[in-house]
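Scrolling down, you'll hit the structures one after another.
Both complexes below contain subunit A, partnered by subunit B and then by subunit C.
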Partner chain A sequence: MKTITFNQKKISSIALEFDELIPDEVFNWKKSDFDKYMVPIGNSRFPLSDYFDIEVEGEAESPAQVKMVLNGDLGRVKYIGCKMTDGQIVTNSSVDLHCGAEMSGGSILINGDAESYAGREMTGGELEIMGNVKEFCGASYIGDWRGMTGGIITIHGNAGKQLGECLSGGEIHVKGDCDILAGIHMNKGLIRIDGDVTRSPGGQMLNGDIVINGSVSRFLESFNQDEIVLDPTIAGKSFLGKYVKFTGDIVRNGKGTIWLSAEKNRHLL
Partner chain B sequence: MEYIIKNGTVYDPTNNVAGEKKDIMFKDGKIVDNVSSDAKVIDANDKIVMAAGIDPHSHIAGPKLVVGRLYRPEDSRRGIKSKTDVTRAETGFSIPNCPATGYRYSRMGYGTVIEAAMPPLEAKHTHEEIIATPNIDIGALSLFGNNWFVLEYAKDNNIDDLATFISKWLKLTRGYGVKIVNPGGSEAWGWGMNVHGIDDPVPYFDVSSRDIIHSLAEANEKLGLPHSIHLHPNDLGHPGNYETTVSSMDIVKDVSKNSPVRDQTVHMTHIQYHSYAGTNWRDFESGAEDVAKFINNNDYVTCDVGQITLDETTTMTADAPMEFDLHQLNGLKWANKDIELETAAGIVPFIYSGRNSVHSVQWAIGLEMFLMVENPWQIMLTTDSPNAGPFIRYPRVISWLMSNKRRVEMIENGEVHKAVGRKSIIATLDREYDFNEIATISRAAPARAYGFADKGHLGVGARADIAVYDINPNNIDPSNDYEAIEHAFGNAALTVKDGQILVKDGEVVSTKESQTIWTNVQGLEEQENVLMKKIMPVFDKYYTVKFENYPVFDNYVPNPIQVNVQAGK
Partner chain C sequence: MAYEEPIRDYDRIVENCTCAFCGCNCDDLTYLIKDEHVVGVRHACRLGASKIMEDMDQRLLVPMIRNEEGNLVETDWDTALDKAAELIAGAVRPVFYGWSETSIETMKQGIKLGESVGAVLDNQATICHGPSLQAVQNSGYPVNTLGEVKNRADMVVYTGSNAMNSHPRHMGRYSAFPRGYFRKRGRFDRTIVTMDPRYTDTAKMSDIWVGFEPNGDYEFYTALRAAIKGKELKQEVISGIPKETVVELAEAMKNTQYGCLFFGLGLTHSLAKQRNIDAGIRLIQDLNKYTKWNLVPMRGHFNVNGFNIFMSFEMGYPYGVDFSRGYPRYMNGETNTIDLLTREEVDVFMVIAADPGAHFPGGANRHLANIPVIQVDIHWGPSTELADIVLPGSFVGVEVAGTSYRMDGVPIYMKKAIDKPETCRDDEWIIKELYDRVQKIKGERIASK
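Coming up: the complex of A and B.
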């Protein structure tokens, strides 16, 4: 096992781009390789060593044997774990945009908040965010109709707008509240929201499941109310309590399902 | 600067050179038969030498490309290549940015490309994109098949005025030839309709597709244009459309050819999409046999294939009603555009998959056409880029054509759906192209079909557009070494354009500005003036642009290759 620790020395006013510093690329790097590496910042590259002290312990023969630990204020470090296929990344602070975007394997643990675009178009692996996440988590990039297609995103705090836009597989679990348009254009997969949802979850969804344990302030009328189910099993997972099942979005002939806590959403029934 | 490409194995079908060891010499941008002792020697021993490739039908410049790029940013995220000291940054897979288009053709050893559909009203922008595309000569075919004036002339069988109109509009648009897309159908789309077969009346014009095709073919020959009519017939992509295709080819059988530089009176484009049998997508099957049989029996027809490459791509065509059908079929996003009085367009992303039975049979139909049309001078290599797949897949298509083993492997390994065994006869066709036939379908035949006397061959006086590939024909079995074939044709060892070395070992080492090929018909100036006096009231009444803003000005064509044609001669 190889542990690579990044200890921040200096904060950049322009974001550092870390998409080349993933286990796939650095599993066989020595400290000297990091010291001479030039990290992209804006339209130029600068020595990584100006911004981080790097410690390397142990050896790795593959990305799976790498653990990267990032310490310091990472609010201006973006693309952490972007496109990684294996290994482990742990950050001990909040992170900037695109964390875990397009990752296909391995795990990322963010001990803080994540900016927008976290886990966008990820196809596998696990992304766990201990704080809040901003917009477009697990969504597609602009133009594409395929968001996250596999893997698991767990958010212990709240999620911003358009969570899981065009979700096409995998699971997103929000333990806090969620802003508007969760699961918009969703094609497949599962979104679980333990807290409240502001407005219009599942707009234009074609398929997949959204489970909301909190209340929804405004719900789209283009969903048909179906039965009330006690302790349902949804996408292979068991849920406790009474849920009202809605199907839609009928404006797109959708066959998606939204499960609302019956107790918290009496105002919609 | 003088050069000798020494000891290469040359394939030059136009000059009946098939795999001979020869030196190819060039000087001042032209092939010559002698150079001085100062000439720089390029060793091509154990390599293949051909004329640079000519793509007879591709969509690389114009408004639909721009719309495609704008509404498919996800495509622009693929194919990204950073700028170098020589090249600009490249983006895009199926709809690359303009510089990438030029570089990618160069890397494959291509030198000339025909943009297959230029709406006259948007011709200026098409030429702006041509200017922005380096390294290749580009000609654009102007769209005529749904133009209101054309429909009126066709209805009245007024061939004289139609010929004069074409002559004038090629000048106004700096176009190379006459393109017809879903004749009458794209106009009907303005009313939410389409036409099917060749005898459906076009709404409000009382004219049929048959009339439009025949009239435009007659007018084309009356002018003696270097290219024949370029026909995308009705019913593209509909099961059972092979009958429409055969009927469409039959329409022009009585039209006499009036050009010494080509053999055909009609060029059928992306014939794969027009060779479908069956009545719906359930009983859909190949109709290639009947279409190929007709072409084999009628030498006035040439075609290009539009081979499916089994990629995620972007479909874009002036056949707007077909694009709507496609959008209904796959449910993906759709862009629709009307070009007033002239044509329409639609764009839909498409994912061709070997796991899908229909897509697999489409793949087989394209290959059947390649393998069943006997004369390689009548069939040309295209993917109707980007519709059936991006042009960068030409090397892969070449490897399929040269290796029956590879085709059988794809069927047996499940890389294509097993339906190809039931719905096509591809598995029974064991023909394999040789290098000379590859040179014919990708160089010599397109050059002849377009009347390019100085392109597509390596004879003295031709442009020094040359491709060298790192293949030793004496030491390779394309049937087994298909991967090496694909790699070599995708990474030219050397690409020379007008005497300038652009590519070495698959990398772009220099760039040059593109040149615009267009046809200037001479001898009808007086008739054009008379006709314009009749046209202008209609133009002023119905177009939303002023005529003064309509023509392509000279500064839009800074590097012209002007092909002068004396009308009727």
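Coming up: the complex of A and C.
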């Protein structure tokens, strides 16, 4: 097992782009390789060693044997774990845009908040965010109709707008509240929201499941109330309690389902 | 309104000029010229006429550089251009913003310069119809020309737009009042609907006003689509509108011969942002199963659409195009001017034919006050107060010719009517000159290494 520790020593006002610093690329790098590496900042590249002290311990023969630990203020570090296929990344701070975007394997643990586009178009692996996440988590790139297609995103805090936009597989679990339009244009997969949802979940969804344990302040007219189910099994997972099943979105002839906690959403029934 | 005497004291007339104000690009204007100044404009609205006639009001006439005391002082073109080129060549995160009030020819030079230095090129869409462009990328663009609306439309819907105030000739020239080939009686052959939370001047001119509640756009459009599909609505009131009204409107829209939906910033800037436009586009797609419907965004500046069309054609992305890695990238929230400024990433900012000082949020302007700003414009404005280098340009469509794109995507050639002030330069020339000087600086740096 190889552990690569990044200790921040200088903060850049212009974001550093870490898309080349993933286990797939650095598993066989030595400390001297990191010292030579020039990190993209704006339209230029600057020595990574100006911004981070790097410690390398152990050896790895594949990305799976790499653990990257990032310490410091990472609010201006973008694309952490972007396109990674294996290995492990742990950040001990909040992170900037596109964390875990297009990742297909491995795991990322964010001990803080994540900016927008976390887990964008990810196809596999695990992304765990201990704090809040901003907009378009697990979403698609602008114009694409496929967002996240596999893997698991767990958010321990709240989620911003358009969570799981165009979700086409995988699972997103939000343990806090969620802003508007969760699961818009959703094609497949599962979104679980333990807290409240502001309004309009599942707009224009075609398929997949959204489970909301909290209350929904405003619900779209284009869903049909189906049945009330006790302790349902949804996408292979068991849920306890009474849930109201809605199907839609009928404006797109969708066959998606939204499961609302019956107890918390009496105002919609 | 007081009676104004017609202008009779002029030297010559220039006909078929194009207005350089809003996205209507009215190309039927007549300029009355005296002593190489436009002293009168025929056919234009008050907004367009005042912009054209008051071209010398607070006009920037000579290049200026801000000195150490913080005052803008006059300088010569070479000094100003060299200083600007030096700043651009040394920048790590330069942003070139604006472009919507200049010509496509200038944008062409801008792309060349931006690509060579790894800049972000962005225009006013980032604070207006950007969400519309995102929605178009998601759901398509069922657009028609304004000529088709004039000749065919028997139902016109304005949503989130107050055309009477923002585009004063829109209803008179293209949509509500003109007699068209299939609409011989003009206004009497058309039904005008305004969907807007406010009872605007446009709503007052309409047959039907649907005043849904603020931020209720997405739910309202979804209910309208559900009604068009024949679903029985369960909620009695949807976004503040009784369900009977929604059903009646859906039926009326299905039973028109040709309809057009004009949407403005009321839709792009409310809660669901691009998803409102997305729902609007899908509404049009749904309606086309029954009859013919299209939509057109109510673009603001006369060439804001031009930048988006030109950038999409040249670079694949409509706005917020980032060349920092050597190839074009585009990501909302990441490569847009406001985000870059509020995140304090930008180190050199060039504003071309725009006024961020007047329109940007405080956080963005605060950062602009802390970094070098280069302004290419014709008038003194709040941005001039932020600028460190001022390069006076020319008035496209009055002093220089150029190409622009109307709100419906029709390209229009804007002719020159008068000569520009001697000390000013064409925008195109300024950007080209900056490119040449930046290349020279970069060449010298490579040689010295």
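Basically, the second predicted complex is superposed on the first by the 269 of 269 C-alpha atoms of A that agree within 3 Å, B and C clash if a C-alpha of one lies under 4 Å from a C-alpha of the other, contacts with A are read in each partner's own complex, and residues count from 1 in each chain.
One rule holds in what follows: contacts are C-beta pairs under 8 Å (C-beta built on N, C-alpha and C of every residue); 3 or more make two chains touch, one makes a residue touch a chain.
This one's a predicted model, so the numbers in the text were calculated from it and none came from an experiment.
Novice: State whether subunit B or subunit C is in contact with more residues of subunit A in the superposed arrangement.
Specialist: Comparing touch counts on subunit A for subunit B and subunit C gives C.
Novice: Based on the superposed arrangement, let me know which partner A:Met38 touches: subunit B (first), subunit C (second), both, or neither?
Specialist: After superposing on A, A:Met38 lies clear of both subunit B and subunit C.
Novice: State whether A:Met1 touches subunit B only (first), subunit C only (second), both chains, or neither.
Specialist: Once the two structures are laid over each other on A, A:Met1 reaches no partner at all.
Novice: With both complexes overlaid on chain A, does A:Ile184 touch subunit B (first), subunit C (second), both or neither?
Specialist: second
Novice: Which partner chains sit in contact with A:Ile11 here, subunit B, subunit C, both or neither? Use first/second/both/neither.
Specialist: neither
Novice: For A:Gly143 in the superposed arrangement: first (subunit B), second (subunit C), both or neither?
Specialist: A:Gly143 contacts both subunit B and subunit C.
Novice: On the A-aligned overlay, A:Gly203 touches which partner chain: subunit B = first, subunit C = second, or both, or neither?
Specialist: In the superposition, A:Gly203 contacts subunit C only.
Novice: Where does A:Ile250 make contact in the superposed view: on subunit B (first), on subunit C (second), on both, or on neither?
Specialist: Second partner only, subunit C.
Novice: Touching A:Ser222 in the superposition: subunit B (first), subunit C (second), both, neither?
Specialist: Touch status of A:Ser222: second partner only.
Novice: Once the two structures are fitted together, what part of subunit A is touched by subunit B and by subunit C alike?
Specialist: Shared contact residues on subunit A (touching subunit B in one complex, subunit C in the other): 142-143, 145.
Novice: In their complex, what parts of subunit A are in touch with subunit B?
Specialist: Subunit A reaches subunit B through residues 140-145.
Novice: Along subunit B, where are the residues that touch subunit A in the complex?
Specialist: 71-75, 77, 332-333
Novice: Over in the complex, which subunit A residues touch subunit C? Could you list them?
Specialist: For this pair, the touching residues of subunit A are 13-15, 17, 40-44, 76, 78, 97-98, 116-117, 135-136, 142-143, 145, 162, 180-181, 184-185, 199-200, 203-204, 218, 220-222, 249-252.
Novice: Once bound in the complex, which stretches of subunit C touch subunit A?
Specialist: For subunit C paired with subunit A, touching residues are 91-94, 117-119, 134, 137-138, 218-219, 222-223, 225-226, 229, 231, 233-235, 238, 271-272, 275, 278-279, 282, 286, 323-325, 330-334, 343-345, 347.
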